Amino acid sequence: MRDPDFTLTAGPTMASPRTLAALGAPITYDYDPVFLERFRALEQKIAAIYQTKADVVLMQGEAVLGLEAAARALVRPGKKALNLASGVYGKWFGLWLAEYGAELVEIEVPYDESIDPADVERAFGDHPEIELVAFVHSETPSGTVNPAREIGRIAKAHGALVIADVVSSLGGEELRPDDWGLDVCVAGPQKCLAGPPGLSLMTVSDEAWGAIRANPAAPRGSFLSMLDWKERWIEGGRTAFPYTPSVVDIHGLDGACDDLLELGLEESIALHHRAAQATRAGVKGMGLELWARSEDICASCVTAVKTPAGVGNLELLAHIRERYGVMLSPGYGELKERLVRLGHMGPAARSLYPIVALSAFGRGLADLGVAVDIGAGVDAALEVLAQPTAAFTPERV
Amino acid sequence: MRDPDFTLTAGPTMASPRTLAALGAPITYDYDPVFLERFRALEQKIAAIYQTKADVVLMQGEAVLGLEAAARALVRPGKKALNLASGVYGKWFGLWLAEYGAELVEIEVPYDESIDPADVERAFGDHPEIELVAFVHSETPSGTVNPAREIGRIAKAHGALVIADVVSSLGGEELRPDDWGLDVCVAGPQKCLAGPPGLSLMTVSDEAWGAIRANPAAPRGSFLSMLDWKERWIEGGRTAFPYTPSVVDIHGLDGACDDLLELGLEESIALHHRAAQATRAGVKGMGLELWARSEDICASCVTAVKTPAGVGNLELLAHIRERYGVMLSPGYGELKERLVRLGHMGPAARSLYPIVALSAFGRGLADLGVAVDIGAGVDAALEVLAQPTAAFTPERV
Amino acid sequence: MRDPDFTLTAGPTMASPRTLAALGAPITYDYDPVFLERFRALEQKIAAIYQTKADVVLMQGEAVLGLEAAARALVRPGKKALNLASGVYGKWFGLWLAEYGAELVEIEVPYDESIDPADVERAFGDHPEIELVAFVHSETPSGTVNPAREIGRIAKAHGALVIADVVSSLGGEELRPDDWGLDVCVAGPQKCLAGPPGLSLMTVSDEAWGAIRANPAAPRGSFLSMLDWKERWIEGGRTAFPYTPSVVDIHGLDGACDDLLELGLEESIALHHRAAQATRAGVKGMGLELWARSEDICASCVTAVKTPAGVGNLELLAHIRERYGVMLSPGYGELKERLVRLGHMGPAARSLYPIVALSAFGRGLADLGVAVDIGAGVDAALEVLAQPTAAFTPERV
Amino acid sequence: MRDPDFTLTAGPTMASPRTLAALGAPITYDYDPVFLERFRALEQKIAAIYQTKADVVLMQGEAVLGLEAAARALVRPGKKALNLASGVYGKWFGLWLAEYGAELVEIEVPYDESIDPADVERAFGDHPEIELVAFVHSETPSGTVNPAREIGRIAKAHGALVIADVVSSLGGEELRPDDWGLDVCVAGPQKCLAGPPGLSLMTVSDEAWGAIRANPAAPRGSFLSMLDWKERWIEGGRTAFPYTPSVVDIHGLDGACDDLLELGLEESIALHHRAAQATRAGVKGMGLELWARSEDICASCVTAVKTPAGVGNLELLAHIRERYGVMLSPGYGELKERLVRLGHMGPAARSLYPIVALSAFGRGLADLGVAVDIGAGVDAALEVLAQPTAAFTPERV
């Protein structure tokens, strides 16, 4: 089979020419002075995108590594932790917390809903000894978002630390770790930043470092160790890596960050929101159904759509990929057969990429005999895309 | 500072144009059918380079991850393990074995020597209950090799499993896991294969899988889990990854493997040996001293040279990098200040790259006032490079 | 302004990742043995795409150079030449013929029509001394094609030589120089082959070489000389170039030819025809008007559409480019203000690129207040794109 | 055969990673606003490198095109022209001048010498009606330079126009068209600028434009026409190209110019001079003989060395290329069998590339049985390369 013409997925997503050029640049030795300087500067760029003054840690494996590392670093047997599960990833994180010994309190909602801050407040009322709260900002598998700001503020008010899975929200949703009290954030480069997968982009607050240092179970001398990065890299004056960094991925992420910073963070977020709204308008215009119970909780990075009854999901996507050269995503985990996800991340949030995703999806369904009004969907989506991005700019906090 | 003109280090090493083009190719979704097929085919290419029929596992983090994963998977508290330490990495591996609960037997030799098989035989005599042997084939920090074939065969004769750190030997030294009884091998792409760092290239024998499955301490549901790859990816029919693979690094490694396979494995090994011999001849010709006690145990991927007395090692290397645009490596770990390492891996094992490394090193020393006969060194090195690679082909076993 | 997201123009068109990688490969010396071999092999690939046994000449400047070179080589003062003008380029070619001294007979039709073979037959009846016929196969400025087969056969029947401007038809229209009697063809790489501009891809029959050699006015020792290529390069055993070839463009074209040959010439032509038909269906579905008087004469590489009355053409295209990141082409020459051209060449003939062009064009018009039914257009275009390419395969002659 | 490891030739020369990335960037439409803007900005960068206020014209074919275009534009039958021939290219240029009708006065010196300004002065004394002087600044085929400043000033003093072939001197030799009275300069990107071949980088003074406009034989409506560029592009407000520019080569040259301008023009010239002096020291140190009669007239871009007696030149270079992966150049034209040329242009003027060229050349000779002291040559060359570039900075005029 040929390479895809369009990758409009839930991530990894398509990268810009600048990012691809950076990925194809000569590989340098990790202790080359130019690489060291680039690594340090990249940490600053990530900090700027996070709008944080906290430490940035770039762990060298895809975001799952960073999430596991955070869980291991912050959990010690018997610690009471509140896990908020509104999707596949949120649910999984609770399993990790429990595995590492946390006493788990969990709020779980159906995967087409999002967490209600009132429930979080109530949980603290019922369990005032909660020390740690974990949640997913943007649940990529179901295309929904949770109210990060409110969750963070409630947790802070009760003195708990917060781990936020912002894998697919950084660069696409408003996100203010410092203001909102998110102690550890973990993002992936292959979502709204449109970089290569293979890295975990983390922020760590001083409070979080304090808790980690105080935790005898926190890994040291391990690929999973946040402390190795703190003690060897950061406190060592940023001259020695705990292990060989992924030089190529660092180069590529650097290019992706330059793209985003040149564009402007606000503009990036606005582009993602406009693309998402256009896609939702298109889906509804075609006569199809969004997965999320309400548009208010729809993510900006990916739009999840219910696969019409009687259609084999994977068969549909294989047909679209083969006939039209467009790669879309199925659901993930238990939602695999029930959803199609149209991605609009990074470059795919620009221009007419949402039209490509909608046309491919709609026509693929039509080919399988589903009645769908593609034209109406495209018209509705273009109506949104015709608006200036200023209309989608997040309010400043 | 400018990017380097030459990267002639202990790895990451310079990549070929084909590898760079592969790294710069469009990023695809990890479940794109083309990517899935490429990933599977790459496993076969790695198996061909390893000349093995065992499972190949490509863990998605630099080789340290694979080594840690192997140690965690195979050690359970109380298991008796023999660790062979002839260098920095060998020594470290013993620390991991101990940390995960092994009862450690260790043979340690000075870091300019290599392990004597007779000592291994003797250790089994003293400790017949040894179940696991760990060693480093090519000790990159000191540029020495251990007798992998003999170590493997002795361990097999005593029924022990073997973990071999072949990070910098795969593609540059003769290596036959199946014949030699190496149950788990872990290589890095950024050494003799000249790919990007960020992956662990592993082989796992059936016996090793048996032991891992029998080990209740073997990680599951973790970035460090070998079993996740076995159960989810391999036994699941190679359709589902345990986590998002590093798409870009996979692309790049694929290009690097194509280079090596087109060249031929034997030819690749011969090139590395010729480059190493030329470099040693050059070092001696200049009047400098090799680190290894004997040329017999010198590695093919990198040549370690004693820094002349009175010279600041890091100052020397910074001068060479700044003035001549050539990046060489210092020592590593406790050898950091005492050695300079001239790399000749992948493309740097070809053509006249060893002359560049020698000239830069020699002239850098001269600039700092050391008397060194660069011309004699270059003459001696060229004498070796003028010979056909056939003279350096490893014997077939 | 940012780089475009989509280049869907009349050429240069967007290139494939393979072509881009080839363009970015190391620059080699033109007498490097690898480059010499690649150049020779590329001539064979071009011959295969032309399906010709005649000489292939790759002149090192964009196709205008090849056309001028052909005119200068074949015209001598007083020679009677028939020029067929159905568009801007055809008209221009007549000016060259006249400038170099030809006695010109010209058939000119409105630029939304194409040449009628009966008129060509009649011209030979009126002017039996015609020695040379010149025509444009695919008139890129107006998106129309001329009946190359019939023109060639009539000319041959009367013993005339034929110069065919196939700049934008090679790879997108059926074309058989040997069977149809086209003595000199000139194509551009930047159209259906989707390579870089900067080269003229020419075929030259023995009869044409005979006439050129017999022409004292044919340039020698000039950048415009076809004879230099024949005498120095071809007859010299393909070891010496008359001047430095454009190494990078040759690399890129080589990649583009590999793409096309892997795909298959018939499939390539079918893809272009399907994309063109889809685009026409879309244009009509939106309620807009094709430029060509009949769909029968519409080109496969580009679709020319009349700009609706009252719309400023360049203003429209600038708006589309700026707001949607899509680059379309205006008309060319005297048609500049009157047409919009939607390109579907090379990779842009695949997948859903025609939908992108139609959506951008339609929405751009809507933004300027033109009533246009974009949805109906997209539906109609998708109806065509849903058909297998087999339905568009040219008949074998 | 494999691609070369090192291209150390008389040009095309190796390009930087930035230039290669620019070459591999997406191909854009030539009327894309970003491309138009880049083209205009590139003209300014070329003007900066030329240090000129005159018009810059970028003709779209390798420098031979620009030279032919200049000769055709400035010569009309009967015009008296002085041609200065100190090498193959200078001699050729005279043939063109004569072909287009000039009454030729020629000063010719052996190709290992350079033009004496006193002879130029004398020629004006003998032929006061000379209107045009043509000369080659850096004769790449023989690695020699002519005194451009003096030639220009003498010509100006006598009211003649000057055409300067600066193909291989721009970026590597001091060059001041405005101060020195060089009316038309023609450079190639593939020499000291280390860009792709395929372009002619020209400056044209107002006086030259006046003469061209006054010349009825100056081409118009031709790929060879300078006037098309003046009238259509420059005077048309830089919005319309006379024909499709070589988009990819323009991208690449843009990257190459950014490299040079970041480095600084003076530093670039100094690097070329240092590399040339190092190479000459190495050649002499090995016991070989420079072609040029005096080091004073040796070019900074390439060093021409006499092939030792009894050695087959092409056989030698084929051996070096095949065994060591290093591409060097033979002589050119009538010097083809007599010289080896070691290139040190662009990136090859940096770092230890001269050592690679010298080692390959020396060892290749040794392999063929020639007695040569490579070590002494390398020592001597390193002695030069160890000096800071400041020692080689051209004096400011």
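As written, the chains take the letters A, B, C and D, and residue 1 is the first residue of each chain.
Just so we're on the same page, a residue touches a chain if its C-beta (ideal position, glycine included) is under 8 Å from a C-beta of that chain, and two chains touch if they have at least 3 such contacts.
No experiment lies behind these values; they were computed from the predicted model shown.
Taking C-D and B-D together, the chain pair joined by more C-beta contacts is C-D. Placing every chain at the mean of its C-alpha atoms, the farthest one from subunit A is found to be D. Distance between chain centres (mean CA atoms), subunit C to subunit D: 34 Å. Remark: subunit A and subunit D have CA centroids separated by 53 Å (rounded to whole angstrom). In whole angstrom, the spacing between the mean C-alpha positions of subunit B and subunit D is 46.
In subunit D, the residues touching two or more other chains are 3, 17, 21, 24-26.
The part of subunit B that touches subunit A in the complex is made up of residues 1-4, 7, 9, 11-15, 20-21, 23-34, 37, 60-65, 68, 95-96, 99, 188, 190, 196-198, 221-224, 243-249, 252, 318, 321, 327, 329.
Listed in rising order, the residues of subunit B touching subunit C in the complex are 17, 21, 24-26. The touching residues of subunit C, when paired with subunit A in their complex, are 3, 5-6, 17, 24, 323-326, 347, 350-353, 355-356, 359-360, 362-363, 366-367, 373-379, 382, 385-386.
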